[in-house]
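Presented sequentially are two complexes of chain A, the first with chain B as partner and the second with chain C.
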Partner chain A sequence: MSHGSALPAQRFDWLPLALIPAIALAALPFIPSLPTWVTLTVAGLAMGMMIFMMAAGLTLVFGLMDIMNFAHGVFISVGAYAATSVLLAMKASMQADSLAANLAAIVPAVLAAMALAGFLGWFFERVVIRPVYGDHLKQILVTMGGLIVVEQLIHVVWGPDIIPLPRPATITGSFIVGGAAIERYRVLAVLVGLAVFAAMWLILNRTRLGLLIRAGVENREMVESLGYRIRTLFVGVFIAGSALAGLGGVMWALYQESVNAQIGMQMMVVLFIVLIIGGLGSVGGCFVGALLVGLMANYTGYLAPKLALGSNILLMVLVLLWRPRGLFPVGRG
Partner chain B sequence: MFTTLLSGDFPRSRVLAVVLVAILAGLVLAPFVFPGTRSLNVAAKVAVFVLLVASYDLLLGYTGIVSFAHTMFFGIGGYGVGIAMAKLGAGWGNLALGSALALALSAALATAIGLLSLRVRAIFFAMITLAVASFFQILASQLSGFTGGEDGITYKLPELLLPGTKLVETPFLGVELSGRLANYYLVVFAALACFLALLRVVNSPFGRVLLSIRENEFRSEALGYRTVTYRTAANCIGALGATLAGVLYAIWLRYTGPDTTLSFNIMIDILLMVVIGGMGTLYGAAVGATIFVIAQNYLQDLMALASAAAKGVPLLPGLLHPDRWLLWLGVLFIVCVYYFPTGIVGRLREK
Partner chain C sequence: MAEALLALAGVNTHIGQYHILQGVDFEVPRAGLTMLLGRNGAGKTTTLRTVMGLWQASAGAIRYDGAEITRRTTPERARLGIAYVPENMGIFAGLTVRENLLLAARSGPPDDRRLEWIFRLFPAMQRFWHAHAGNLSGGQKQMLAIARAIVEPRRLLLVDEPTKGLAPSIIANMIDAFRELKRTETTLLVVEQNFHFARSVGDTVAVMDCGRIVHAGRMADLAADDALQQQLLGLSLQAHQ
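Entry: the complex of A and B
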């Protein structure tokens, strides 16, 4: 060992990553035709990407501040509803069969969703969560209370009924590749998800801000003692995470082609499974976990529809048996 | 005698004592004082939820663990009775068999979940129980041949408990003494007995260890208590209490379905009841459950009036709409967690 050299580079743990192709290949023999398998795989990846967008904020917030926000789901539903309002108001340009017109409706809708979800996140951090830092029991209770209140407020503002939300003309329908029907929207979801992941990866690994966030996840006290205001950093992460959840909500609503106030709560269960699989606080783990859950849900949804959610639980149990702290365990225990 | 019955845990507040006596008297006298189907339904629901919430308080208030699987155990009790009655026929033996199987299943599940996930942190346990409970909910709706799916199951009970049965020909105090009444008193007294048993548990040396784990886990471990064992045992007892509550509710309703037992809304209701009533005291569970169930049934009428009165003002009628009653209880819940963490009972005892 030479003295004075840089820290030894950490070996990247490829094993969990290999699980994704492993699961896809393992499903292949059970599915009768290759095109069906391709369709399912794309659907699973798309679903995984959307789940990742929703879960990313939750896992970072937990890693950074040791806070588990049970109300994270409301950012998803608020985002979905905000976008719905914008999209329904711009019905004409939604139905037009031109990309430019569609984009003119979607871009403001996404921006509105992210802005509203981000603002709600800021408000939530300030009013609901700040007084209960460090007290897990109260955090769970208070964020559950917040979930109830916001869900009810959604009913007040947007009404209790399910709102149908047709997709814009240019991203409906599917195209055929080698006999496999691939929905355009799913490809879009995969692309957006990859873009979000790439952006997050770049920010976390290539900027000073990301360095601080990662250091904070690893050891909060040390970062604080070096003179950085981790609270400010945390508020920023919280808002960004909420906005991402809002984006995920829009994508999910367009995927389901409808919105209801229960979206958030329903997704929370899946998000928790993803977080536990990935390792609490780990962004990479969250990404891998989301893809695994998405793929698993689609394969089992096709092979044994009754077991779709059960398969995720099974996956979680198996992963925990293999790595009790998730695929990519994070610093502190 | 009172000391034995209440396990030495007196209300310690005159107002609270009066409230508790009023709740008990109200439950016992309900068929005679408030005749009518609706009020009797409310009273039976109060009795069942007092037990359900008290068993949850054993976890949340006494041991300091948050579980989201309590409705799962409630549902196991309900479905145990329901399936036994519907598939095997309405007899006392089958009723006992269904309840016993439900209790055994709950105990096994609670132990398994506890041993697997109580070693780690509170948050982990909360997340795991949420996932398991939602899995169970899906299971119940998918196995429709067995559970009746989303529609649930309706069934007959042993004849003594059916409303059509007349116990005595002549009405007593103007109230018909039917099987419905027998059913009601079975539910109320069984719930009361279980409540007193739980009171015994929390005031035993075992209960003291639970409190010490809640206050300082490291210290109780250092004193030589195996915290995982104690927590798992508490989880188990809480689950058994919830299962018994489910059994009683199934007996009262003669119906078991996802909406009356497994739904996540009920889990939220339980949380609200515990926190508003007062965590860490079983009397809080009794008070919280009573207030909540009554509010659930009668607050909506009041809100309908207020909503009609506020017509014309923007947004206000929507906020006061009878279906939005949970909004206000949610706000009350958050306020309680911040400012009155000991709930109503804690406030009463301070004075």
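Entry: the complex of A and C
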């Protein structure tokens, strides 16, 4: 009952990945020295990894339920603040020049951040998101409202001032490779980002849960018709995505060595750019988009600081001219 | 006659402010294949979607296997043994053929005998086992959509226009596949525009118009009555023969 002898072999679409080295190489002639370029590239990749952690949940939430959550930034902020509280309470072990002692502070801080962000995500989905399923305009208004409320709550709990947050001793400072100074923390951020991406890739591609999520992003009704409750799946993804944003918040706060209540709100513009570049609903696209944005921000931040955000908007426009639905468009059946 | 597997009584469905189904009454007897026919826009797809719970009935009752399911959610209905092949096929384009079928097998991977049976029905499924479903041809997608619905034995199979857009030779294969399906325990309710297909596989028939059932009976009787066909279905279906 078949016709034609064979299908064209299914190939992974490598082209968007090539954009990452392309953008790095394109920047090379403009940067005065090779070591500076190396430093900026590592910084860009580190920033991209952190953006990816913050954005991954948002893209899945949109893909799965068509939800525009403008309040996603609160999970970043809350994660950052929760970790800050833990880290400041464990000052001694943060300042000790021993990895074990540092980890004794960082591990609980990260767990607290992810737990609090995840819990807030659960609460948010029930109270704020659930009543506005299927109505984008209301989603924008209601989630914007939620964002403001949580920001004010952060002021109440942690105060309105910027809180300085020194990095633990063992991941402070930098090392020199071929004349280029590379901050240790940036290497750590790249490693954590890669680990998160690998874990997500494995879950999405090698487990039944991942199969359900990928199918749900394509066609919710069909997943329901096959007997699976998409709502349950969605709540799980929402909580996991919030926890991940919390982790991204901790990483970002330690990167900036301070927290303020706007930390999440400030990231939202960048996150939406990344989602649109990558293709709404695509985790792989989100990863590539985040790295592109991170690199672009660092190169232009060095060459023309005023243009940093503008350059990313330009990047988005160029990508959309090439692929109108983003680098990895997600099929909607 | 034993109680019907599926019975709709006075089912009304609204989509937004539109009143689409306006009191649908009909029964799908156990085993065998019931055709649901009607002109474009008659409400056939809406009827299947209402049975599946993708639209909620605003009035009336849907009984399935002796129990009312009118207020059940879609996943609950699926788990009661109802499978659905939508008009647009609803395959997951980014998943492979294998993944599409694995997802539909709720109680673990299908055993070899079941898979062999499916491959006999639709050999393309075996050949393109690891291909992404989005790369299949239209006919192959239709086969995948049906294969997915029957990857495990189901009680009731709802299929919306399985021959839509298919070449005549593929339609002949589809007729064979449905005849094979009829030999199983599964009851089928099939929406169709192609009268040749309908008369080839249908046992009983219901005809819809303007959101109501306007005729119900044996398929053979309708197939033998040109005047009735003309009156119920107009010329559009004849053109497909």
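Just so it is clear, the second predicted complex is superposed on the first by the 323 of 333 C-alpha atoms of A that agree within 3 Å, B and C clash if a C-alpha of one lies under 4 Å from a C-alpha of the other, contacts with A are read in each partner's own complex, and residues count from 1 in each chain.
Throughout what follows, a residue touches a chain if its C-beta (ideal position, glycine included) is under 8 Å from a C-beta of that chain, and two chains touch if they have at least 3 such contacts.
What you see is a predicted model; the values in this text were computed from it and never measured.
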Checklist entry - Between chain B (first) and chain C (second), which, if any, makes contact with A:Met251: first, second, both or neither? => result neither
Next on the checklist: Per the contact definition in the header, classify A:Met200: touching chain B only (first), chain C only (second), both, or neither.
Outcome noted: neither
Next on the checklist: Under the stated touch criterion, which partner chain does A:Ser225 make contact with: chain B (first), chain C (second), both, or neither?
Outcome noted: second
Next on the checklist: Quick check on the superposed pair: does A:Pro131 touch chain B, chain C, both, or neither? Answer first, second, both or neither.
Outcome noted: first
Checklist entry - Which chain makes contact with more of the residues of chain A, chain B or else chain C? => result B
Checklist entry - Who does A:Val330 touch here: chain B (first), chain C (second), both, or neither? => result second
Item to check | chain B versus chain C as contact partner of A:Phe272, first or second or both or neither | outcome: first
Checklist entry - Now for A:Ala215: first (chain B), second (chain C), both, or neither, which partner does it touch? => result second
Checklist entry - Which chain A residues lie in the overlap of the chain B contact set and the chain C contact set? => result none
Checklist outcome for this item: In their shared complex, chain A is touched by residues of chain C numbered 52, 54, 73-75, 78-79, 83-84, 86, 88-96, 99, 102-104, 106, 122-124, 127-128, 130-132, 134-137, 139-140, 143, 148, 170, 173, 177
Checklist entry - What does chain A use to touch chain B in their complex? => result 68, 70, 128, 131-132, 136-138, 140-142, 144-146, 148-149, 152-153, 155-157, 160, 265, 268-269, 272-273, 275-276, 280, 306, 309-310, 312-313, 316
Checklist entry - Mind pulling up the chain A residues that touch chain C in the complex? => result 1-4, 6-8, 10, 208, 211-212, 214-215, 218-219, 221-229, 330-331, 333
Item to check | chain A partner contacts - residues on chain B that touch it in the complex | outcome: 60, 64, 66, 121-124, 126-128, 130-132, 134-135, 138-139, 142, 264, 268, 271-272, 275, 315, 318-319, 321, 323-324, 326-327, 329-331, 333-334, 337-338, 341
